[in-house]
């Protein structure tokens, strides 16, 4: 009772949330509820990131993933969710097959996760090794400067000072390309025929002016 | 708090739980209190604008008790869930909104180091979590099973996601000046007289502040950007089918969000707890003199901070009751064609300024006019700043400079 | 967003969604009563608007065929209930024309006072509600504050605020009480600066201009084809006002009055000077012009009230008393249109010689103005629908009768 | 139970959570017929992988002076998140287009290219 490990407690809390909602995503058939479960699951994973001491990644997860991507996804769900398409049943056979394969995969992964004794529990933290502010080092790493590697006592590990500038640039360009591409793809052309409206079929007023 | 409990030999788990609960309760009080005060303020300010008196009877002449009375009335209302609604999601949605609005307060500092959770990515955390509030609205709108609600939800999604971009760009500006995303550090960086505020740092930050306020109004869904609940178009938007308690919960999310964006504006641009006049340091109410004095100084700072937040809310209310509502395409145009490019330009401008003229306008001015009588705070700041612009022949060797700067923080 | 810039029929949408049919009304905050609009929408874009009416039908015309004209008068209050005085006037003049009755000078000027005050009251509602339609609540309270002052004047004159039944066949129900004219003068003095305030928060407000200028453009030819009248027609630049161009039996009521028809002709408004200039984005016939015409008419009506008060005070004699309740009507048929605040209000009375008309028909201005709504709302955004409907200034009591 | 709460949590536990997420995502991809459901499965899988990267890169979990992946883990996680966002945008555009042409979001109905 004397040594409640808060890290452990919150880990279990977030882990249960993440796993539970992930299972929820699988078992729900309603696409909107699936999206909600996914949001909750991803949010819990962000909590795990915070627990692991990577606050920046956690915040990015919340902002980009949960805030951005999921809104996008929900948007998509709403645009396409109509009556009969909201839930689509999958055949029992497929379910069984998928469960078997998934179960096998899970077993392998769990076995691997718990197979290394050093991974089971951390060695006591050396006070000096308390996590330094990550955002600045991470930012510098993205700009190609690896200040974190300077600290390494082992000269062998100090090698590979190169950061992620190229990757960063490529991803930036990639993002732009994807945005443009997505905007182009999502367009759908459709010509509206004249619709009978109200009285008389006279030519409509210059509505173009209404769109200024 | 926890340390105090530990010192009277309470068990560790109890000490931490109690401390956490107290902080939660305090934050909840702030969130709900800000909602109550904002609602009262909204009624009174709008009444004044409209040549009315507003609430005058509940709780004395000024109608102080109007918000609780409103709440009580709404709690007594019938709780309706439309037949076409998606029950669980419909019930869940308001709480998502409220929880995220409340969660943001975790990282909002009220005075020097008076913050529930001091994160080194505080600004970013706040932006990220406040962006989640839209989820409750989208879900509520979708789950209501009403077309008007769906419209509201769609508008909200489009608007909030878009306005996050310029808002983040604006928020980056103070972060750039301070070199930290820690809100406490950003606030402390502006200590002293009001000309140390970031809004007066240089012309670009001044412009950024107004862009930020525009985006803040838009991201909290206040008029003239209140398209998600536009009552003359969408009946009540995503709130159409909500009634009673759940409706209250949505409002309990909206008003704290207003306080939050004003509070964030105050920390980022308006000095946070550092007043126009540094009362605390003038009265020697600093921890260096006595811990209690520091505590009182912080209390004054908190009052200062809250006053700025309320001022921000008042401005938003003023705006709401003055302007007509924009159309959805105009809202998006404002964001994508004006706010984003302007904010980007301001960011670039601040970068340039930081490089060419480190420190703010007033630092430069002080330096120019009286180099000998620079006060201590400015000296410290100059020490942290990248130093005066170097002569042209040294410009070639400036590459390691930014790194040094960031790294020394 | 160049939607249907050239060819209104061929619309190309970017991300288009499923077509949705939405009921706007009859319980919608911005349909001004119980109008029901069925919107066919694609996302935010409205492709078709179909008005459905009749929720307020009270058989007014049929009732008129069972009552004598004076008994029918209170029913006319309920046609355009925002300007009951003008409805009373239209009906009374129609019956008077059938009777061949001429009212005295004093009565004539009193009627002008009331009709123009009614016009101001109605336009104030239109302006305030239009602000409300665009999401601005404050002007609404301001206009209603000043409308209340007009209603106070009405109450002082006839005892009723909304359903006045004051101008009646043959005259008015009672002469003005002592001190009424000075009260009215005081109101006009107090009200003049409010108009400027309204121009500040609405007419010249940047957001307001963006929401209304170029929205719902109604070409003059279409307006005439659909029978649009009143400020809707004058907003298209057609200088047509029955107070000047109407039936002589009606126009002679305004004999000796100085006023101009408010419409932008040759690129300018007659009262251009002290009011906000026409913004560059506005084009003739759009919602902004319709609103602007109403605001200018308010000022003009104030001027008319001032003139009428002077003439009334100067006129000798008594005001006319109403005709006997069951007075026999001469055989014949009369149709007369008057310039009500919302447009041309026409009453038709046919009599076979008995005190009770054998046929009563009412031509409602809002009805014709509404009919153009589906033309105006094609291809606009959802938010523009209230902006357009509001600019038509409809009142359902008059449409459904 | 109490034992569970007092014991420190190590890397393995994070890996286990990530495994669960990964498998759930996999199952989602395998069993959902809705194109958006499949997309959500992909997001889950990516998140499972991300959790691995972060856990391996975390000093807190390793303890001592060992850095493991160190900053690299975080950087890769960041890239994954950003690329996932890009992927979601692209996939959603495809889904919308698919919906417009087929009036359904059922992936089993996309069979024009079947030989």
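For reference, chains read A, B, C and D in written order, and residue numbers begin at 1 within each chain.
Simple rule for what comes next: a residue touches a chain if its C-beta (ideal position, glycine included) is under 8 Å from a C-beta of that chain, and two chains touch if they have at least 3 such contacts.
All values reported here derive from a predicted model rather than from experimental measurement.
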Query: Where are there more C-beta contacts: A-D or A-B?
result: A-D
- prompt: What is the identifier of the chain with the smallest separation between its Cα mean and the overall Cα mean?
  reply: B
Statement: subunit C and subunit D have mean C-alpha positions lying a whole-number Å distance apart equal to 63
Task: Please report how many Å separate the Cα centroid of subunit A from that of subunit D, as a whole number.
output: 7
Message: Rounded to a whole Å, what is the gap between the Cα centroids of subunit A and subunit B?
response: 26
Task: Please work out the Cα centroid separation of subunit B and subunit D, and write it as a whole number of Å.
output: 32
Field: Per-residue multi-chain contacts in subunit A, two or more chains
entry: 1, 3-4, 56, 60, 68, 72, 75, 79, 134, 186, 188, 211
Statement: Shared-interface residues of subunit C (touching two or more other chains) are 1, 15-16, 384
Task: Quick one: which residues in subunit D touch 2 or more of the other chains?
output: 96, 100
Field: Contact footprint of subunit A on subunit B as seen in their complex
entry: 11-13, 16, 86, 88-89, 92, 119-121, 124-125, 127-129, 131-132, 134-135, 138-139, 142-143, 150, 153-154, 157, 160-161, 164, 179-181, 329, 403, 406-407, 409
Residues of subunit D defined as touching subunit A within the complex: 2, 4-28, 30-34, 36-37, 39-41, 43-44, 47, 50-51, 54-55, 57-65, 67, 70-71, 74-75, 77-79, 81-90, 92-97, 99-100, 104-106
Statement: Counting only contacts in the complex, subunit C reaches subunit B at residues 1, 20, 22, 28-30, 43-44, 131-138, 141-142, 145, 201-202, 205, 207-208, 210-211, 381-386
Query: Can you name the residues of subunit B that touch subunit C in the complex?
result: 46, 49-52, 147-148, 151, 154-155, 223-224, 226-227, 230-235, 321-330
Query: Inside the complex, what are the residues of subunit A that reach subunit D?
result: 1, 3-5, 7-9, 11-12, 15, 18-19, 22-23, 25-26, 31, 34-35, 38, 41-42, 45, 48-49, 51-54, 56-57, 60-61, 64-65, 68-69, 72-73, 75-77, 79-80, 85, 88-90, 94-95, 97-99, 101-103, 105-106, 109-110, 112-114, 116, 119-126, 129, 131, 134, 137-138, 141-142, 146, 148, 152-153, 157, 164, 167, 171, 174-175, 178-179, 181-186, 188
